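One chain, subunit A, links the two complexes that follow: it is found with subunit B in the first and with subunit C in the second.
After this line comes the complex of A and B, so read on.
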């Protein structure tokens, strides 16, 4: 790689890391027919590694038959049970699996011109906007922790991470931020 | 970093997201009770271990989660082709 491909000093760009609002989360497994009839409030994407979002609901297709559903409805009014009942009723005739994982994971929002660079210290994927466009979401790894990474904007990412891994991810992000700031 | 093409994600993805799953196309006997100790041991333990092209299972564990098959050269570590589980072994040249 030539020096020209590396960001010049002072151009690293900063980013902010903050916790996202609490949310209800489900893992839905089933066929395309299940996805079409899920009655979640936002259409489930049919393309693998893509997210479909209509605030405050989002559906991420993580595997050929697997969707992560996020309902970040107003804090304090997270409709986990009602949503699950509504979806189970809509899917009663179809074989499927719908599991509440709300308490398993939390989300971090990494935003700013240096977001991709900061994440790339621990994420091995190409995070250029050509290779990882806005709306792409995938399971991947963050150093030793497994995460779901969703690009919500050119300079905005959401990390879904299991709760017990979150301090590890946060600490690594803070260390990378400090290094990039020192280099800038 | 070694990149492996996941046939489900249809993308080149970093090796770190994958786990190896042993030789591919090893069919389990339909009726294990009818097998002799020797033929059962053959199924359980004996593998081809070639020097050259090897069909093997991989799982995109920290990705789409799917098992798929790959043909890899065991000397150069080059992935010649990857294909979905259940598909026949493709004809390839090294």
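After this line comes the complex of A and C, so read on.
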């Protein structure tokens, strides 16, 4: 993947954009019972479109029976195989689907007071804190790319995007940052 | 040149002078001017030529409704045609030109159209004149008409600017920042609601900026507006968007707003977007869009110097530009008196106020009389003298029988029209609001509330300033309350000194002149006259929508803002009906034209669509690969050596794969992981093949049908575990297949415990194909026995390659021994490089999609979308073996039982061999039984794939041919422009029919 499209380092248009560290990722599908017994390391949220995070692990509930699990452990250790084995063992008795998507997607961190405004060039959701509070996560679109958007802080968003769409998202963010900078 | 700039007043910055050119002539103006106001201050009214008759035209308005003064502004790629000079903000160095004239604006040869005998260019002229011969329309008539009649020219250079989009959300959207809009925004904003206030002008205030007489809360109107604007700017919950036109209302309170960001700047910041499209979702909307003054329809009412009374007031009061030296005010409404009083005070001589009404009274006429202005009641203007500029008018008096008697002439260079006001109900109507006809005032006003809508002030039919302010406060308060905000109450401001607009007229003004010889314009932009509309009615058009299209009244860039009501009134009168019986044309977005750039936003160039690249893209690029687009993907097409043609490269790649080994990037294939205890049952239902007995570790070619029984996708599917399948799809079909599966899973088979996850991008897929494939990968693979006995054709194993986990498939799309190495995508480049290094000793070549296509065609493997077109069944393709006949059901099974699906003359997949081995057929070419096709007899089929086959040393082709399998051995023809090509029908497998090369 080309880094040429990555926005300039530093604040531009009221926000910074950078790649998140690599992580292990899984899509877990199943009932609430599956969620309760997943043995992932953080509790899986029961409320739709909410994330539970206990650094370095996070669970995002994206559908009635769907969780995106992210595990970016410290010191660059990405525990894909161990976690998968651990969870499969814990869930052996329950119908479920656990699929490794660690390399399917990557993450971009958009942070700063202008983050929501920058995202709203391409994301059709109300990103005010009232409508999209900290801890909310959802699958949505970013112009013509599908993303998962997770608000990690009042001014901090994480975009999960399939790897081949990432340069498009990065380039569009960079263009909007420059425009917003010029307009300000 | 005489200056028409007033000595003082107006909202222009007289301390600074701006230079600009119009048609090459230099002029000056001031910041705050529009192009139109600056030209008028220079005494220039002639700004355009009309569409059909090329009549000289000046501005009749001062705002968005302007039909005449359309100009081209800017240079090169920034040239923008058809801008209303009344809305173009002046900047230093602005270059503008008039349109639709040659050789010059004052001397336009097209004006001969105006001299042709009356009636020639009447309604339906084009339809009646250019009927025959039909073929002449496209090649002869249309090009000539397009050159002769028309608006501006599209710029020919690429647009250097960029355009942005933004989604926004609010409690209350207020459209229009006149008296009503400002008071609504203040009320809602003070109450704490999230407010967006949008206005197309650079300053807030609307008509308050042109008002020289009224006061609000003791302040001159414009000062009150400035104070309100300052307060709004200080409210954190209010977003004020100036230079922003709300052009459309869409479903569920969604609005389109076009914001002009840099058009007013002499040197725009190249980083700044030129325009921004705001896509606003709001809970409540306050429409404060005002009203548009109606012209009066009398002979020669289109001469430069004839304009709306409200426009004249705006030019004088807001821009300090006197629109003339001596004026005749033709009015049917009290607002004409207000204009006359303002103009007189501003130093314009008033020749007469000509009021159609037999009796006039009230504050307007009182003010005029107090100023000693000459008033004639019961009188009409029956004509205008002058061609490039009005020089005088003819006046008539209306007798008691309604006929008009001539009553002399008056000299003047300015004629004002005050025909009353038409509420701008465009957005209300776009919101599916149903307008109501106010019979007393003969205007359409908003009826019942549309969804969460509040129409206030003039657009709601309340033309008075005090009413507008009161309604704005009420609506702003109510809208905020509806959103749960209502802490602060806003008092209604007090108004003094306004002249209420009362009265109005619509339709053709009576006159004494020969109707055949005069033109009284209804629609200025489309050159539609009163008699054109009468003619359309006489010719049988009854629906106003038909009258509109036949006469073109209300069409083009201004969409009839000044003409619709007059046209409607004339049509109604001619039919002898009341206006509401005739109806009203539909209001459609956009309110004013929006640039393509604004709609396109970032979707241009490299950002038009995501460009998807595989993990090995950089490697292929470094090798000089040519790429082709497959959906959004860039796929390596072929790998030419320096100086090598595509044909030569493909031939070399094909031979190398058959002789030794080739390396191919298959990462773009769609991949779906189907997991759960019911996975096999789900697969049984979605694919034609049986899956229950497929053992883990084995693969099967899967065929997917749609409900109609036609092939929609295919791919190799591996069973990894009893409850886990690794499904592959075609590159282009991946999203469609996943959606199809989800659709059935969620709506038809919700009882199945199975889940679908897209893993297309999880895996980089490295295909190693050729007799040496096993030798190449063997040193790299750990934990998998690659021997033919342990890992036969169509199997899948989990293990390690180059130290990373792999799902290793033994599959082939070439007919050779082959492996597809799936590794997590981030490891793709490294593993690819390692395989390449290992393969070099075996003469491995990288190959692209073109070689892949040739190799698979030699083996008769189909490509969905090439051999299929949505009407092809498994049997048509000779794929009956892929159908699990013992299965109780699968998607498409019932459809396959329809009699039509078994007809012997269905188009079936066959091979074609040309008699001349060097001739490669054209894909898509038709196939016939005769060398000379018989007209009216359908073709037998068409060529689906055709290549020069390096393996066979001759051309091959696949085709769908009616009853094709029964025709094997027959000679058919492929008729081409250069003559028919004879072909022999064969089986669609050209190489290694036994498949022995796979089994090694």
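Assorted remarks:
Keep this in mind: the second predicted complex is superposed on the first by the 169 of 184 C-alpha atoms of A that agree within 3 Å, B and C clash if a C-alpha of one lies under 4 Å from a C-alpha of the other, contacts with A are read in each partner's own complex, and residues count from 1 in each chain.
The rule is simple: a contact is a pair of C-beta atoms (placed from the backbone, for glycine too) under 8 Å apart; a residue touches a chain by one contact, two chains touch by 3 or more.
Since the model is a prediction, treat every value here as computed from it, not as a measurement.
In the superposed model, A:22 makes contact with subunit C only, not with subunit B. Once the two complexes are laid over each other on the shared chain, residue contacts for A:102 go to subunit C alone; subunit B is not touched.
In the superposed pair of complexes, A:171 makes contact with subunit C only, with no contact to subunit B.
Legend: residue contacts after superposition of the two complexes on their common chain; A:134 is shown touching neither subunit B nor subunit C.
Using the contact criterion defined above for the overlaid structures, shared-chain residue A:162 touches subunit C, although it does not reach subunit B.
When the two complexes are superposed, the chain touching more residues of subunit A, out of subunit B and subunit C, is C. Of the two partner chains placed around the shared chain by superposition, subunit B and subunit C are both touched by A:124.
Of the two partner chains placed by the overlay, only subunit B lies in contact with A:48; subunit C stays clear of it. Common to the subunit B-facing and subunit C-facing surfaces of subunit A are residues 124-125. Within the complex formed with subunit B, the residues of subunit A that make contact are 48-49, 62-64, 66, 124-125, 138-141, 146.
The part of subunit C that touches subunit A in the complex is made up of residues 162, 164-169, 194, 261, 269, 271-273, 279, 281, 602-603, 606-607, 609-615, 618, 632-633, 673, 675-677, 753-755, 757-763, 805, 824-827.
On the side of subunit B, the complex with subunit A involves touching residues 1, 8-11, 13-14, 16-17, 62-66. Within the complex formed with subunit C, the subunit A residues making contact are 1-2, 22, 27, 29-30, 65, 81, 95-105, 117, 120-126, 128, 131, 143-145, 162-165, 167-168, 171-172, 175-176, 178-179, 181-183.
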